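Below you'll find a set of structures to go through.
Presented sequentially are two complexes of chain A, the first with chain B as partner and the second with chain C.
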Partner chain A sequence: MNFRTFAAFVGPSVFMMLLFIAFPLVSVFKQSFYVTQPIYETVEKETCTPGFLTQTCVTEQVSQPMLDDHGEIITQTQYVGLQSYRNVLEPERAWRAISDGSWHVLSTINFWKALRFTLTFTLITLPLVVGCGLGIAILINNAAKTIRGPVIFVSLLPFIITPVIGVLSINWLFRGDGILTAMMEWWLNRDIALFAQAWTIELLMMLYRVWHVAPFAAIIFYAGLQTVNQDSLESAVIDGATRWQRLKYIVIPHLMPLIIFVAMIHLMDSYRVFEEIVGFSSQGYVISLQWLTFDYLTPDQAGNRSISRASANSMLTMIGVVILLILPLRRTWRDHKGGH
Partner chain B sequence: MSSRALRQPFSLRLTSNIFLALWCLIAAFPIFWIVVMSFKSPVDAFDSNALNVIFGPATLGGGKGLSLLDIVLGIAVIWATIVVATKTLPSMVKSYSGPGQEWFVWVIGALVVLVGFLLAFFVILPAILNVLNPWFGPLGRDVLGLTTEHYKTVWIDRGFSNNFKNSLIVTTGVVTVSLTVGTLAGYGLARSGSTLAFWILIVALVFRALPHSVLVAGYLPVFVNSAEWLAPILGENAPTLYGKPFAVIAVLVAINQPFTIWMLRSFFQNIPAELDEAARVDGCSHFQAFRRVIMPVMWPGVITTGLFSFLLAYNDFLVTALLLDAQNQTMVPAIVGMFNRETTTTDQVVAVAAAVSITAPLIFLVLIFQRQIVSGLTAGAVKG
Partner chain C sequence: MKLKTILMAGAMSIAASGAWAACSFENDVPLKSLSAGFEAWKAVTDAMAECGNFSASLDQEFREKQPEAFAADPALYQIGGVSNATLVPLLNAGTIRPLDDLVEKYGQDLLPNQLIKVDGKTMAIAMMVNAQHLMYRDDVLAELGIEEPKSYADVLAAAAKIKEAGVMDYPIGGTFKTGWNLGQEFVNMYLGEGGAFFGDGNMPAINNEQGVAALETLKAMTEFMDPEYLVSDSTYVQQQFQQGKIAMANLWASRAAAMNDETESQVVGKVTMAAAPMGSALPATTIWWDGIVLASNISDEEADAAFRVALEGMDSDTVSANNDVAVWLSPAYSAGALAAGAAASAEGGAKAYPASSPMGIMHTSLGNGLADYLTGAKDAQTTLADIEADYITAAKEAGLISN
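So, the complex of A and B:
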């Protein structure tokens, strides 16, 4: 295929990716150094209240946004350097908190709080997802052929459901005296409020995420299990290997590429954790990096969006993505080199 | 497991099946439960006793319920529909359709079955049961509390149908555009072994990992002010892109593009290159080869990728919540709005009913396209 045909085939897709992914990235990078604000002017205002004999008048200095001819607020954009990053990171306070060893103070700064949760969430759910996925795949593989279809159907449900709705459905089971909370209260014989402290909410979020992603892992591992070499399994039995040894020395090495694939996808996706925060409406206790950007982008009561801060926060989030991708990209690069 | 050496002892098989049943229970329970909740009066739906939620005494007390007769006949109608849809419909379609127009007959057949079911279930059945119930004494008395009023509230009073329409516009747009653009690119990437193709794929992989909020942070200021900077090109009536469904379609297509081209590329790689080489030898250009030789055999891959594009657009919350205004809101942000805004339990149940309404199409989707979804998941993994 010559270059021109190739360009004609790939062109539209590349153009869209450039326009809607690459260009916004550049503009976010630029925005993070600028702040757009209304211009304020200070005016003297005299307010008078009616009184007996004479009016009582008070003159005060009021600062108000300047309006243009159409009555719209004039804004100006100015270069502020790293100020937005400083606003997000609050380095002095964070540094003081770290040197004091006071975790509590550090977690009052949104960014560090979000970073802490995002990382814990990602790292704790990763082994759970791989483990549960592998377990379910083996269970499905053990089951009779006739029931595999229906079982896969049921297993796909948590994966296919709209994430926010999935979170809400878990939420409704536990919120207040939801039936599962009631069941736990009855079992432990004590009062339980799952939404009153951060760690229980985090636990529920991880529970949801494992429920949501494990089927995906399971389907992929199940497909991998179909191609395990039956001969080597049989010879292992003849050599006296136990089930556990067969799993450990034959099946898992065979599935290793798939396990790495699932782990990569899961790392990328759970680093973007967001829907959990919305569905559990946990912003008072737990927030994540992507939610923080979302929050900066949502208009506040005055209708202003803190675009600059959102951009700074986005760029900081990106650092994590880059770190996450270095390893697999190096591997792909080496494979590509080796392939030639 | 044909070999005798690998046969498992009974106890192990039993344990394995018990755990499998447990997993199925865990997987289906939350979804099953919101379906049950959505049909109950608020008192029942949020009752802490599970049995009260299922049988709904308060709903029953309100005079809304089903008798045993209702339940039996209802299940019979559903069963008959399933039989018609899985047995009669395919054979009818086969006998009536000529070559090449099968899908058209399928669409018509499916529509007929759907309309027939809705008529039988919601119009004919209630009318018959109204007459029959008093005759059957204890069998005709209500035993299970059930009400559909929350669905009425959601779809009619709250204007959820409007959100549904918006979701429909956005998803249709995203699936069509993303498949058109993605199929071409996927084919090009699969057939070219050049370094440039490799780099495009790598960059796409990086783009796939980006948090979507990062991208939206880039669009928002541009979209909000678009009337200003589009004015020199489009003149006076330059649109404000913010709040427009077509702008969101473009954004979602782009966000989806990395995934789409990776997936389609792996499908195209499974189509032997000899096929288009043969067409080229016969004098076709690349585009002709693509159109005449590849297009007829690429549909399984395209349908699978289309499913995943559909899921992305249908399930999206972040992009639609930030880029669409209240009039053009899609379903997911609307439900979140209901859930966060409302405080009374009645409103909560209404939100539950909305959540079930949005989940039902997805369940049908899995039911129909299970094999395609599984093949799509594994195609990405085995190749990538």
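So, the complex of A and C:
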């Protein structure tokens, strides 16, 4: 293929990637080093609020942004270096907590609290998703041909459900006297409050995530199972290998590249855990890094939002994903090089 | 914002209906409004639509859209629905217009009370007030011989009695959902203790005796609340009441009518509306209002039509037809038993919510930071100090505190 043809084919997607991935990334990166703020002036202002029958008026000093001739708010943008990162990480407080050996204090600082949960969530759900996915794939593979279609359809259902809706259904099933909590209460004959402490909420979140993502892993593994070398399997049977040995020595090594692929996708996705926090409204107990970015970005009722901290936090989240991906990526890289 | 639930996030649009039978004039200027989506707004915008050429967006996330939509030129909406807190960003950005000339022209029927004046200029027309106040089950309290609770000490004592008598496991309900709701509970308590939020130069000033007292009262209440209180919003508390699970709560006046809704409630006629319980200084609540504003970036003809349509929306017909939906500010409103709680709180000297730019940040910091105290992760002083630190970081970033 000559260069012109190559460029014509690749050009549009390179352009799209630059526009929708690279450019926003650079812009966020830049914003994390700058702070843009309105210039405030202090003025004396009288405001009146309706009471019953009469109004109450108060005169007080208030800060209000200055407006230019066109009625736009005057803003100034300042280079602040790593200040926004410091605001997010709170290194002094974190370091004090660590040197006191106080895990407890460290886990009350937003970023570290979020990081702790995000990592636990990611690393615990990873093996469960791969394991369950493999289990479902083998189940489908062994199902009789006639019912295979319906079985695939049913096992894919959780993956099709919109995440927020899925989380909310779990929330309503278990919250307060939800159906399932009521059932558990009746069965165990005691009062159960699943949303009253962190660990039960985390457990429900992981349960939901595995339920939601395992079908995706399953469908990938199922595709991989179709290409397992039947000859090796048959010779293994002749050699007297048990089902478990066949799985361990033939099927899993064959599926390894797919397992790495699923693991990488899952690491990337679950490190950005978000729907679970919002759907369970768990921010009193459990928060995640992605939720923290969202929280910084949400304007309060007076319209303030922390764009710089949000940018810094999302850069940190991205760095986290990259670090997590280094291990599986190195392995793929080695396999790739070894294969040639 | 009180009804804010994630499911309701999507905008509900009401297309203008062709009929304008109930409207006194025929509107020929296309108009749009953006407001919150609770019952009172639905009633008001429905009435506006009767004038024709009008469409309303009732959106629970309106406060995120409003500042941008009003800053556009021409503004994307002519009419905005605001509360005393969401008025602040519009006022700051100068995107809403003074209404004095329009009031003079068309506002003969408005009560002086409805004109929201900032520096002498009418910037908004209020249509209703809202406040959290005590609602209690008079049948339960009367049976146990408990008087109407006047202070939080009374509330706690009553709760202990109800629990002891085995009537209810969790006699108190509260809008303690982490975030805006929980922040609001602290604001109520802290003002009830007579505290002030800010010192000079927007510096925070909540780490004091009043702050600790407010926190301790909140925590004492959680002892008598369903353990899942950190996810409990207004709708949840309302349902707890309707299902007879709780006996007392400091709940929004706009929820009062739901207690007597026979299709939902099992406690019709059993819930009494009373003043918000007293803190050490004042009733522990804040007074809010909801009303309309008009955008600056629209033509004077549009503003003229928009004002007339808006007044049609909140006229006496609407108010009498929806009397119990809200505590209306209108001569046509007959204040019944449902409004007694809000009125008594105001008479007791309850303060208006101290809306301002720094208060917006403070409210968020409070909402996010208080849970650590209630779950026992931090003591009161550390919690307040951490909230102040969080506030300072955010306020510096917003430019409200100089470095």
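Descriptive notes on the structure:
Note that in this section the second predicted complex is superposed on the first by the 298 of 340 C-alpha atoms of A that agree within 3 Å, B and C clash if a C-alpha of one lies under 4 Å from a C-alpha of the other, contacts with A are read in each partner's own complex, and residues count from 1 in each chain.
By our rule, contacts are C-beta pairs under 8 Å (C-beta built on N, C-alpha and C of every residue); 3 or more make two chains touch, one makes a residue touch a chain.
Keep in mind that what you see is a predicted model, and the values were worked out from it rather than measured.
Of the two partner chains placed around the shared chain by superposition, chain B is the only one that A:154 touches, whereas chain C remains out of contact. In the overlay built on the shared chain, the residue A:19 is in contact with chain B alone; chain C does not reach it. In the superposed model, A:281 lies in contact with both chain B and chain C.
By the touch criterion stated above, A:162 is placed in contact with chain B alone, chain C being left untouched.
When the two complexes are overlaid on their common chain A, residue A:304 makes contact with chain C while staying clear of chain B. Of the two partner chains placed around the shared chain by superposition, neither chain B nor chain C is touched by A:240. Residue contacts after overlaying the shared chain place A:176 against chain B and chain C alike. In the superposed pair of complexes, A:81 makes contact with neither chain B nor chain C. Taking chain A as the reference, the larger set of touched residues comes from B, when chain B and chain C are compared. Applying the stated contact rule after C-alpha superposition, one finds that A:220 touches chain B and leaves chain C untouched. Put simply, chain A uses residues 164, 168, 176, 278-279, 281, 298 to touch chain B in one complex and chain C in the other. Here chain A touches chain B in the complex through residues 1, 3, 5-6, 8-10, 12-14, 16-17, 19-28, 31, 36, 135-136, 138-140, 142-143, 149, 151-158, 160-166, 168-170, 172-173, 176-179, 181-183, 211, 215-216, 219-220, 223-224, 230, 233-234, 237-238, 243, 258, 261-262, 268, 271-272, 274-275, 278-279, 281, 289-290, 293-294, 296-298, 305, 307, 310-311, 314, 317-318, 321, 324-325, 328-329, 332-333, 336, going by the rule given at the top. Chain C meets chain A in the complex at residues 1, 6-7, 63-64, 67, 84-86, 88-89, 91-95, 112-120, 126, 129, 169, 177-180, 182, 202, 226-231, 236, 287, 289, 296, 329, 342-343, 346-347, 352, 355-361, 363-364, 368, 371-372, 374-375, 377-378, 386, 393-394, 397-400.
Those residues of chain A lying in contact with chain C across their complex are 35, 37-40, 45-58, 62-65, 67, 71, 73, 76, 84, 87, 104, 107-108, 110, 164, 168, 175-176, 191, 193-196, 278-285, 295, 298-304, 306, 308-309.
The residues of chain B lying in touch with chain A in their complex are 3, 5-6, 8, 12-13, 16-17, 19-20, 23-24, 26-28, 30-31, 33-34, 37, 46-50, 53, 181-182, 184-185, 187-189, 191-192, 194, 196-198, 200, 202-222, 250-251, 253-255, 257-258, 261, 286-287, 290, 311, 314-315, 317-318, 322, 332, 335-336, 339-340, 348, 351-352, 355, 358-359, 362-363, 365-367, 370, 373-374, 377-378, 381-382, 384.
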